[in-house]
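Structures for review follow.
Both of the next two complexes hold chain A, though its partner changes from chain B to chain C.
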Partner chain A sequence: MRIYVKFYAKIRDEIGIDHMFLDMGNNPSRLIEVIREIDRRMNKKIIEEYYVRRRLLISINDTLIDIDDDILLRDGDKIDIMPLPSGG
Partner chain B sequence: MYASITDKLSKLDKLIGKIKEGSEEIGAILVFIGVVRGISPLGKVIRLEYEAHEKLAQNKLNEILHDVKTKYGIIDAIVEHRKGSVSRGEDIVYVVVASRYRKEGFKALIEIVERLKREVPIWKKEVTEHGYRWIEEGGSSNNKDEE
Partner chain C sequence: MRIMRNVVGQAVNLTKEEMEIYDRQIRITGFGIEGQKKLKSKRALVIGIGGLGSIIATYLTVAGVGKIILVDRDKVELTNMNRQILYNIDDVGKAKARVAAEKLRRMNPYVDVEGVVEEINEDNIDDYVKSVDIVLDGLDNFRTRLLVNDACVRYRRPFIHGAVSGFNGQVMDIIPFKGPCLRCVVPKEPQEESKVVPVIGVTSALVGSIEALEAIKLLTGIGEPLVGYFLVINGLHMRFKTFKVIRRPNCPACGKGISK
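Presenting the complex of A and B:
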């Protein structure tokens, strides 16, 4: 199962890359598993910190999700990981 | 109603004229202009750099305008927000609301601006003479030396 992950703004700067592909094995993965896998790959506990502090937005296939929902990621999904907005 | 995230804002007088000619019921037009402040805790501001998830931002702005129109019964509303680099003193965002009476117009304008800042996936990096920082919700930030 392959997932595309893209990072935005401050999170992209902190993690040091724009995007990555994750191979998550054969079964659908829960969101928190994907987040932990990103941090494991980058050898930094960044995304989980944002997640625990509720300081991020996540969209799956261009739809914003409630991060408290029990989301299952599937093969070919695209995840956007974004900090909280600061426009205007 | 429309919202856009754009490299170049429209002329404000054209936006006002456009919204005014839309209905004879309009009795109030309210305008919010967001401007790049010249001073920050880091010193003199050179520019703000805006980044957006354009598809999500556009969808969220449309949703906010629809919600506010339904909630307050305004006649029309326009939002234009810059993307990319915006220098100190330049305009960042225009919000124009047309309503029958001023009271619902003021409420609608405030709600659009507040929700824009809180919900729309747009981010800004403040570049000053001493470095830069990503501005976070609520104004907190991490400072870094300018690259």
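Presenting the complex of A and C:
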């Protein structure tokens, strides 16, 4: 199954690309598996750091998700990953 | 804490001078004198008068919202100058809430602006939220934002969320129990960015004016509010993207069984 991932703002800068296609094998993947796969591809632990510190927003098919939800991603899903700004 | 509860009367009338001040917006189809009177009868609370709050408070004042309460514990610093346009260099060291209130009163003497030098916390937030019709986010951290969100849910007050970083920003309208709240998106406090968030003034201005616009719409009842949606702004590439947000049954603030 193939997933489209798009990065935003500081995360995009840090990871160095705008988007990627991920091939996740045949079974639906859990969100954390997708996050680790992105980091593994880029050889940098970036997304998981943001994830653990709860400093990101994740949207699946244009709907924001609760990052604590155990979500299964399926073929054709589109993920947006953006940092959570906190300034005023 | 002292919140002076001016009774903003229901039978609101506009003076000849006010009619002239607000002439250009009264002319907007759907806004009119009715919209202006509604604004004059409403109370808004702006929490944090920094980059976002300067813009929010300024535009709510010139638009003619009847009563505006500004809360900020901080003093003006030189590093505020790139974005906090209510302050001048010679205000450095003075309490933001006082300087801001004084300037805004001069900008529009028909608006009752009150500046309170205080930190928002668990003990005082309820009284602030209860005393107004709408709450606007000028904050710089999610700990307090979630505190404000929860109080707005408890007392069913609309809350306009906004946040910025660099050239990026976000906005969401919260109408408790009619749509998702901030905790439906950010259930728990994230680890903060470093205390110093990089930002250019135009980003704060962009997000702050969208917050003020949403407040004006909600207070007058015109247009369609950004409820159930989350606006993400990328200034550097000039893209605005709106994501859907779902009200979560298990939301710690507005979820089922929490309150109604």
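In this text, the second predicted complex is superposed on the first by the 84 of 88 C-alpha atoms of A that agree within 3 Å, B and C clash if a C-alpha of one lies under 4 Å from a C-alpha of the other, contacts with A are read in each partner's own complex, and residues count from 1 in each chain.
By our rule, contacts are C-beta pairs under 8 Å (C-beta built on N, C-alpha and C of every residue); 3 or more make two chains touch, one makes a residue touch a chain.
What you see is a predicted model; the values in this text were computed from it and never measured.
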item	value
Chain B versus chain C as contact partner of A:Y8, first or second or both or neither	both
Touching partner for A:D62 - first (chain B), second (chain C), both, neither	both
Which superposed partner A:S86 touches (first chain B, second chain C, both, neither)	both
Which superposed partner A:R53 touches (first chain B, second chain C, both, neither)	second
On chain A, the residue positions that both chain B and chain C contact, one per complex	8-10, 55, 57, 59, 62, 64, 80, 82-88
Sites on chain A touched by chain C in the complex	8-10, 53-55, 57, 59, 62-64, 66, 68, 80, 82-88
Touching residues (chain side chain B, partner chain A) in the complex	34, 50-53, 55-57, 60, 81, 92-93, 113, 116-125, 134-137, 142
Of chain A, residues touching chain B in the complex	8-10, 13, 55, 57, 59, 62, 64, 80, 82-88
Contacting residues of chain C [partner chain A, same complex]	48, 50-53, 137-142, 162-170, 184-193, 197-199, 204, 230, 232, 234, 241, 243-246, 248
